[in-house]
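Per-chain numbering from 1; labels A, B, C and D assigned in written order.
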Amino acid sequence: MVLFPKNLFMGIISKMQEYTLLIDAEDSKGLVYNISKVLFANNLNIEKNAEYVDEETKKFFMRTVISGNVNANLLLKEIKEALPDTAQIKLNKNQKKDVVILATKETHVLGDLLIRYSDGELNANIKAVIANHENLRDLVEKFDIPFTCISAEGLSREEHEDKMIAKINEFEPEIIVLAKYMRILTPKFVQEYPKKVLNIHHSFLPAFIGANPYKQAHERGVKIIGATAHYVTDDLDEGPIIAQDVVSVDHSYSWQDMRKAGRNVEKIVLANALSHLLEDKVFVHGNKTVIL
Amino acid sequence: MVLFPKNLFMGIISKMQEYTLLIDAEDSKGLVYNISKVLFANNLNIEKNAEYVDEETKKFFMRTVISGNVNANLLLKEIKEALPDTAQIKLNKNQKKDVVILATKETHVLGDLLIRYSDGELNANIKAVIANHENLRDLVEKFDIPFTCISAEGLSREEHEDKMIAKINEFEPEIIVLAKYMRILTPKFVQEYPKKVLNIHHSFLPAFIGANPYKQAHERGVKIIGATAHYVTDDLDEGPIIAQDVVSVDHSYSWQDMRKAGRNVEKIVLANALSHLLEDKVFVHGNKTVIL
Amino acid sequence: MVLFPKNLFMGIISKMQEYTLLIDAEDSKGLVYNISKVLFANNLNIEKNAEYVDEETKKFFMRTVISGNVNANLLLKEIKEALPDTAQIKLNKNQKKDVVILATKETHVLGDLLIRYSDGELNANIKAVIANHENLRDLVEKFDIPFTCISAEGLSREEHEDKMIAKINEFEPEIIVLAKYMRILTPKFVQEYPKKVLNIHHSFLPAFIGANPYKQAHERGVKIIGATAHYVTDDLDEGPIIAQDVVSVDHSYSWQDMRKAGRNVEKIVLANALSHLLEDKVFVHGNKTVIL
Amino acid sequence: MVLFPKNLFMGIISKMQEYTLLIDAEDSKGLVYNISKVLFANNLNIEKNAEYVDEETKKFFMRTVISGNVNANLLLKEIKEALPDTAQIKLNKNQKKDVVILATKETHVLGDLLIRYSDGELNANIKAVIANHENLRDLVEKFDIPFTCISAEGLSREEHEDKMIAKINEFEPEIIVLAKYMRILTPKFVQEYPKKVLNIHHSFLPAFIGANPYKQAHERGVKIIGATAHYVTDDLDEGPIIAQDVVSVDHSYSWQDMRKAGRNVEKIVLANALSHLLEDKVFVHGNKTVIL
């Protein structure tokens, strides 16, 4: 008799392809029932499930990780049929997402992403780093990631962005991370990549919008500084917030000391927000986010 | 034509009786489907819903706030029929819970609860405060809450506890809060009130179990101190943790300074944990809690 | 031979009157030397000492707690002679400060102060609570503190403030605490009590200046909310910040939930800031504070 | 007329060599006076000054950053003469310290140090990374830092340590950083480098001493996890604590999730502690630290 070794079996189970089902709909009675009926009828496992109903706007959000013998097209069709026409439904295979990083000169956020990436911590393929200066080439190439410098010198904002967009599109990224990319984006750029561009702002938004937030914070004499990761929209530093964190400071901090302390927050906040995006946890809800 | 005034209507809606359904079961396919089917068939609204499956133990937890025309007995019966026999199911009316507070001499945690209570912040009826010293009588009676002192002087631990238990039982509390009650409880006491006794320990457990945790923390030279709210079990300071929080300290803190700083944490942590219990958010899962 | 018992001696020592010396001067060589020379010549003990030099403005701040056989007038004279004429020097006896609290309707911050006060935690005499509504009378009088209601109804802002000022001045407070006093103060009021009025603002300033900060925070979708204790100046919510703290929130918080969570922060932040003032730890430095 | 360009002058000033004076003595009257007298007589600038007197042990600690025309040997001699014989006095030139890092296999803490180093953020020369496995060679060599693997395979603990010590001593480090070096050190090793070895422990000590702290934390069901940077002494995880920080977790975290969340804390805490050491801010006081 040949026994099926338990550990091997566990290994197979754990490798079963997972999918994430994302639903964004007007709330109504029976939504959970109708969705769970389809999943049950398809004999699927619910690995994780989270829902949220916003009482003010009556919007329903659901994120469900499923596994089993999934025929994605068919399943998606059945779920669409079970829900109102206005519902937005996505069924994503759980796999690495393609990411392009934009940067300028600063090392700490980009470097942190590169270390995490080399450590296998990010569920991503970093396809390229594109910067408007040469400074970071050496660091990026250490990690065998393509680096492109597109200098803005002598170019109008629009000309520079056109070159950036052309280069970015070569890599067809699902997420674009601004890792301290210090240029203001035009509406054209933003609209090219809706809900795809993640920025880290070095303040606890909405405090200190705009340039030099650490100088502003120092000037105001705050006792806590922070950082904010948010989707980029047309309004500078006004997009939906995904993650924030803070650190205490005191009167003895110069603005440079604040910047140094803030760097630790910036890199952690951006990495946490990116991790949420890579795991399909973030819904945009008006100018806010719902994270399930 | 008589118009139905909108505000009145809103008032009626918002006063509709809510219930909280709590399910603790072995995980299996179709649980969510079977539960949501019953709720849908009864035409109930799901106000809030949260689930958690523990991957290690394969346990399923669900907390659902429902409203509508609820016949509680019938609904409970239908849900029980839809689920495996081993599932633990509760259906609680959302209303104030009866609470008895035990204390000794310290003011800060008890006083904080009294202020919150007088402010209508706690979804509770504080039926009584029972202490082993007289010190707190004046404070408690300011708030028109019955105060009983049961001195332990001259009594064995068992004799004292018997008197305590007799007094507590007069009030039939659903939750007993130890607001810095500085006596060790016997297993008999603990077993009298399973999953009902909430304690605040003045350290970041499991660090500094036992007496004088601030002295222990000072002795060890830690840079952060904390407090832990937990269910009381037979093992001292070893029960399931419900809430924890911390505050930074430095070398300049004497242990008395740590105690003073820690008081702020103690009262916030206990109030948060009590609020979770009052809203039926806490499941006991082995020696841990799941908070939905 | 009669031995002087050590413990008694320690007791006497510890009761020795302490003074706090506060110096705010242009930085120059020899400041510490000149001050310490005077203290040494007077045979005084330095119990605590902290200095700070602001590198940007070249300002020197020093807080020294001294004990010993202090002749305050003489000592102050000697220190003044040892320092440049422009130096601001204070020598305060370490004793309770007289405090008047202004409030409106909300219980949580005021109640927290009252509990701390009844517990002996505040190094203060709370001389009175003055409010523009009657709601808090019952709570305040529980603690045997005089309560005065000065309604603003039918009065101009100036008329109301004149009555407030007249009442406040009866108590000659060293510190005025706005414990959720929900009226905007005129420059006249502010100038009547320079560096004496402590306010708690229910946001992480400078985010959400003005009315309804929790609604603003909810609208913006922040992931962290906070509170700020600051000196009141002519500019609304723009005075020097003394203390700030924050708490995490998420998409599931309504603005009322944020307000509830924020209350915990408000009361802790205000109590910490007040404690700094009561211990003479706060210097005003332009529109910032230095806390030693 | 030749004007002295202001910026050049500022540059010269800012490059003036600074020294840090560190004093650890029994407290007695006149200490500050005697020290400041010497500094004043030598016409030195006090850039930063911090003192602390421990009331319990009557120990005095002082850290003073001075600039000016310093003759270090002479100044040290004068200060020694001005203070009691038992005082411990150091006068360190403010310059980069030589550091050797020990590691095993994990990337996150080491990688974070390397990124900071390449960014010029650490006031250090990283002379070498020495590991007991080969895994990290590639990462370290990207940053042009010598990497040595000393495998423990087939060696007794003592034999392995002798090889480590021999290798370490080639670099004459002032600080040895254990960046997740997963081997227990013998007393011999510890005594070879007194007050020189900095470790990061992946728990909020003294909770979860020893192996697998994240598993222990998960088992206990804590709601907050942390990390602790401390000096290494003979007792495992019992040395003086330099820095700690924490992060919130909940029931949904597996121990692997806790480990992932904890990594962010580990690297920040170790970097902060190392930064304190590099700036000569840490005094050892019994089994505690004083950080000025």
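By definition in this document, a residue touches a chain if its C-beta (ideal position, glycine included) is under 8 Å from a C-beta of that chain, and two chains touch if they have at least 3 such contacts.
Here the structure is a predicted model, which means the values were calculated and not measured.
Undergrad: If you average the Cα atoms per chain, which one ends up farthest from subunit C?
TA: Centroid comparison gives A as the farthest chain from subunit C.
Undergrad: Which listed pair, A-B, A-D or B-D, shares over half of the residue-numbered contact pairs seen at C-D?
TA: Looking at which residue pairs coincide with C-D, the repeat is A-B.
Undergrad: Using mean CA coordinates as chain centres, what's the gap between subunit A and subunit C in Å?
TA: That gives a centre separation of 42 Å.
Undergrad: For subunit A and subunit B, let me know how many angstrom lie between their CA-based centres, rounded off.
TA: Roughly 36 Å separates the two chain centres.
Undergrad: Quick one: which residues in subunit C touch 2 or more of the other chains?
TA: 55
Undergrad: Name, in rising order, each residue of subunit C that touches subunit D in their complex.
TA: 29-30, 32-33, 36-37, 39-40, 43-51, 53, 55, 248
Undergrad: What residues on subunit B touch subunit D, complex-wise?
TA: 52, 54-56, 204-208, 220-224, 226, 240-246, 250-252, 254, 285-291
Undergrad: Would you pull the subunit A residues touching subunit D in the complex into a rising list?
TA: 107-108, 111-112, 114-116, 118-119, 121, 139, 142-143, 260, 263-264, 268, 271
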